[in-house]
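The structures considered in this document are given below.
Shared chain: subunit A. Partners: subunit B in the first complex, subunit C in the second.
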Partner chain A sequence: MHREAKLGLILLLTPLLLWLVLLIFIPHIDLFLVSMRERVGVGQYDLSFANYLTFFQEPLYLVTFLRTAVMSIFATILTLLIGFPVAYYIAKMAKGRTQSALFLLCLVPFWVSELVRTFGWMILLRETGIISNLLQSVGLANGPVEMLYNDAAIMVGLVYTSMLFMVVPLVTTLESLPDEVVEAGYDLGGNGLSVLREIIIPHAMPGIVSGSIVVFMLCLGNYLTPTMLGGKESLWFTELIYSQFIVRFNWELGAAFGFLLLILSSVIVWGMLRLTGQSLEKTMG
Partner chain B sequence: MIPSIPQSRLLTTAYAAYVVLFFIFLALPLIVVAGFAFNDSQFPSLPWEGFTWNWFFGAERPMIGVFHERSILRAIGTSVFVAFCVSALSMVVGLSNAFLFNRYKFRGQGLLYVFMLLPLVIPGIVLGISILVASSRLANGLWDGFQWDVEALRPGLWLVILGQFSFITTIATLVIGARLQKFDRTLEEAALNLGAGRLTAIRTITLPYLAPAMIGAFVVAFLMSFENFNTTLMLVGSDAPLTIAMFDRLKEGSTPLLNAVSLLLMLGSSLLALIMIAFQKRS
Partner chain C sequence: MTPDLQCTNLTKQFGDSKAVDNVSFSVPAGSFFSILGPSGCGKTTIMRMIAGFLEPTSGDIQIKGNSVLNVPPNKRHVNMVFQHLALFPMMNIADNIGYGLRRAGMHKKDIGLKVDEALERIGLPGIGHRRVDELSGGQKQRVAIARCMVLEPDVLLLDEPLGALDLKLREHMKVELKNLQAAFDTTFVYITHDQSEALVMSDNIAVMNAGRFEQVGSAQDLYYRPDTAFVAGFVGDSNRWSGKVVKQDGGNALVQTTSGLTLRGATHGRALSEGDTIDAFVRPEAIRIAHNAEELANFDNQISGTVTSILFNGAASRVMVRDTAGHEEVAVNLPQSGEFANLSKGAPIHIGWASDQANCFAAGAA
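Here is the complex of A and B:
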């Protein structure tokens, strides 16, 4: 029996280890090694920090990196602020069939590909688009209005695409808050604002953290939305990675960029977990 | 604010209005994409030129419908093939992982569980380039060392499948693991008491119990693979899956053909989702 259990363990460990080692660990080590080499001749490479130095010396790279980070944080906060009241409504205000219908409606945009969603925003926002035409017919604008190809359009696209990943964990945590606890808060003399601050938000914290982590990750790593909705000036860091790899074929620099993106996202995710005292297993699992 | 605590009419009305606005915001892009699939014009934008089915069934230029556009049909076929391979693989590995974390206690298990979750917090584009770099280095090494040319290690469908599998497996593991956690172990013990072997007990008791979660994992994996963009973009070769093919066309300028494809995608994924919900309800 004991031997059988050991055999079972080995059999189940094998696929897991193969997956993690071959597709996650070795590729990332390779990525790091490639980012640490400098081309000195045909097929000849030296170990060096040259690619990372290039990153810090070229303002365009550094500025794009910081801009991507700041805009992703901003998009995450915006998604939380817009999504929280809706999640609260679904979890606490709506009852029965309305509740499950509203929850299902939130999931619908997730079932269609991100490309389709972005395409929808392009049709709405562009010069010949719906909103521009609407504004003209109401008389608020004299000519066609171009709302595409700027940072605001990127923001709209990012918030839209990430909304589901914020609302679902929020609804799940808020649903577990008993009505009696909220009532007790009011009985003890609290008002709407203090109940929200002292009871509802602390209770929703795990949902807020896991939602924010996922949304932040999705914004930071997004390629489609900034490329399609953003203009020439609104460059996203993933676009730099893509152009180094596919267009310029400078894998060394592209690998360094990729590694920096990975470090940035890990640091922010780790910081968010530490700040709120959560762990990865609890928020993701 | 909860229904049992009285609030001013104004506040509750404003709140409800906000929620309605939110759902309009959610629905708007999808509605316009679907609507313009029927516009009798070369561009998916106003003015409205009348209703047509041509973007679905049209057979002649300038309006070639989805069902006559070979490149789009081929891309759909490619996507289905990739999605099928990814879902099958990740469902099997996810099942194995779920059993591993649920049934065994061993040293380093907690750490391994965190490692298992990691692919979810790695940006998709980084997963893509890391696999691209590793496989190219391996391919070059095999060529330099043994003169073997391994086509599967060059950008193409096999790499796309591996790239998507590398993070979708985590999701499959979580979906199947959540249901396995709720399983009543005594049922399995009863089967053992009745003389069944361990594998027979698992096959006849545990696996049927897990079936809805396995189907759920398969469907979710299928949808995620079908709509994946970032990882696929870095690993794709000459056969582009649908999202990449559509992206390339969108860059050149869009025609309502793309709206028609999008509408079909929406219908397809809603259908899959409904099937999944029906399955979950029945069990």
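Here is the complex of A and C:
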């Protein structure tokens, strides 16, 4: 019996372990090993920190790296600020059919691929696009207005792409807040702001944190949106990784970049959890 | 003296239906007032209007003589204990109780003192640092009341707060709530659908049905002298018969029920004349039960019959008696003095009651 139970456990764990080892551990270990070698001749490699050194010596890499981090944080905050009222409305104010209809509306854009969604924004924002033409016909602009290929365009795209991943956890946590708790907050003398600060936000904190983590990681690792909406004017760190691997065929440097991105996202998420006093178990479990 | 709470011609319309229909009442300072009614009768609507979460369609609400119609809930000196208590799970007990004081801008040190005093008063000193989910149902109840009472409201509203508790605890909390009310000396307005909660705790009770008050009075008034058929049927248990007035003289009426049973009842001042269809109510505990007919000589209603069933329920045990002619089944309370311990199904039995105890109301009222 004991032996059978053990066998059952092993069989149950096997898929999970295979997934972890084959898809997470091995690639990352290999990535790390690749990043730690320096090509000294044809087919000859030495163990060194040269790739990491290159990263810190070349301002473009470092600046792009930090830019990506800061803009991802900013996009996360922006998504939260826009997503929270939306989620609150869906969870607490809308009732019945309206509620499900609104929720569905948040979901609808995700029925098409990210490429199509981003292209939709390009149609709106480009020089010959809808907004530009509208501004000209109204008389607010004299010539074509280019709104693509800048940081603002990336931000718009990132927020739009991430919205659902913020709204869903927020709606779930806000729905679990009983109406009478909010009413009690008012009844005992609280105003809108203090009820929000002392009751609604603390209750929604797990949703805010888990939504923010997901959105932040999606932004940081996004390739398509920054490439299409930012163009060459505003670089994203993933573009640098891509060019090292595919364009330059410098796998060693690309691997180092990839590893640095992993460290960066881990540090920022850890810092965010510490800052908000949440733990990963609390937000994900 | 101005009453703590006065509602005048209060009406609330939802679409086509009137949830609250022209209700007026006043609650004197320091008293325990209950609104008793079946679910959906509009009692929660009244409470939410007093608390400020709903605007009345018409009518006025005055607290300590001042109209609060355009005052938002957070500015009214009225606090509410919610049905599910609505303690803030993200705060500990002390922060829960201190929440209102913080909102009022009280000094931090004074808040601490007040919270400790409140915890002392509800008999739970030293639990301030605990989390809400560490408390039992009864403790949460007391914390929810303390959270309101530290603000010294003019009126405390309680929305069926005992509903979620189990039976034993509910019985205990009834007594405790009454004690807390006396200790804090505050006006309580309590809404419930449970008549025993209302009867035990209240100084005054309003029985509500379909948006209107049927009767306002003390527990004894409602129980012994119901004004309407609805009150007679809703408060306490009753045998209820429909019938016609055959003869009427003074305060008494001779009634023939639809099944053919003849009984004498009292109109208690209500205008009933011969031929009127009526409902007659007789409480099971108002009926005497005897082995011999002679014992019932002084009752003007006497029925001989057989026991059809015995419903044993401890002190509240009952027997069902069918009269010999087989017209009606009558529920009768079984005295627990031992003389009917051997009563069995099918045994012959005599029952009787005074016509005073048979309340007759014009039919169709409820």
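The criterion applied here is as follows: the second predicted complex is superposed on the first by the 278 of 285 C-alpha atoms of A that agree within 3 Å, B and C clash if a C-alpha of one lies under 4 Å from a C-alpha of the other, contacts with A are read in each partner's own complex, and residues count from 1 in each chain.
Everything that follows uses one rule, which is that a contact is a pair of C-beta atoms (placed from the backbone, for glycine too) under 8 Å apart; a residue touches a chain by one contact, two chains touch by 3 or more.
These numbers come from a predicted model, not from an experiment.
Visitor: Return first, second, both or neither, reflecting whether A:203 touches subunit B, subunit C, both chains, or no partner chain.
Guide: Only subunit C; A:203 stays clear of subunit B.
Visitor: Once the shared chain is lined up, is A:221 touching subunit B (first), subunit C (second), both, or neither of them?
Guide: The answer is first: A:221 touches subunit B but not subunit C.
Visitor: Subunit B or subunit C: which reaches more residues on subunit A?
Guide: After superposition, B is the partner touching more of subunit A.
Visitor: Thinking of the overlay built on chain A, is A:186 touched by subunit B (first), by subunit C (second), by both, or by neither?
Guide: So A:186 meets both subunit B and subunit C here.
Visitor: Have a look at where A:178 lands relative to subunit B and subunit C in the superposition and call it first, second, both or neither.
Guide: second
Visitor: Check the residue A:89 against both partner chains and state whether it touches subunit B (first), subunit C (second), both, or neither.
Guide: First partner only, subunit B.
Visitor: Classify the contacts of A:194 with the two partner chains as first (subunit B alone), second (subunit C alone), both, or neither.
Guide: second
Visitor: Have a look at where A:67 lands relative to subunit B and subunit C in the superposition and call it first, second, both or neither.
Guide: neither
Visitor: Under the contact rule defined above, give the subunit A residues that sit at the interface with subunit B and also at the interface with subunit C.
Guide: Correct list for subunit A: 183, 186.
Visitor: Please output the residues of subunit C touching subunit A within their complex, sorted ascending.
Guide: Spelled out, the residues of subunit C in touch with subunit A are 51-53, 72-75, 78-80, 82-84, 86-91, 99-100, 103-104, 147-148, 151.
Visitor: Would you mind writing out the residues of subunit A in touch with subunit C in their complex?
Guide: 178, 180-181, 183-191, 194, 198-199, 202-203
Visitor: In their shared complex, at which residues does subunit A touch subunit B?
Guide: 4-5, 8-9, 11-13, 15-16, 19-20, 23-24, 26-28, 30-31, 34, 82, 85-86, 89, 92-93, 95, 102, 105-109, 111-117, 119-124, 126, 128-130, 133, 160, 163, 179, 182-183, 186, 192, 213-214, 217, 220-224, 228, 238, 241-242, 245-246, 251, 254-255, 258-259, 261-262, 265-266, 269, 280-281, 284-285
Visitor: Which residues of subunit B touch subunit A once you look at their complex with the stated criterion?
Guide: Its residues touching subunit A are 1-5, 7, 15-16, 18-19, 22-23, 25-30, 32-33, 36, 43-46, 92-93, 96-97, 99-100, 103-104, 106, 110, 112-127, 129-135, 137, 162, 165-166, 169, 174, 177, 198, 223, 226-227, 229-230, 233-234, 243, 246-247, 250, 254, 258-259, 262, 265-266, 269-270, 272-273.
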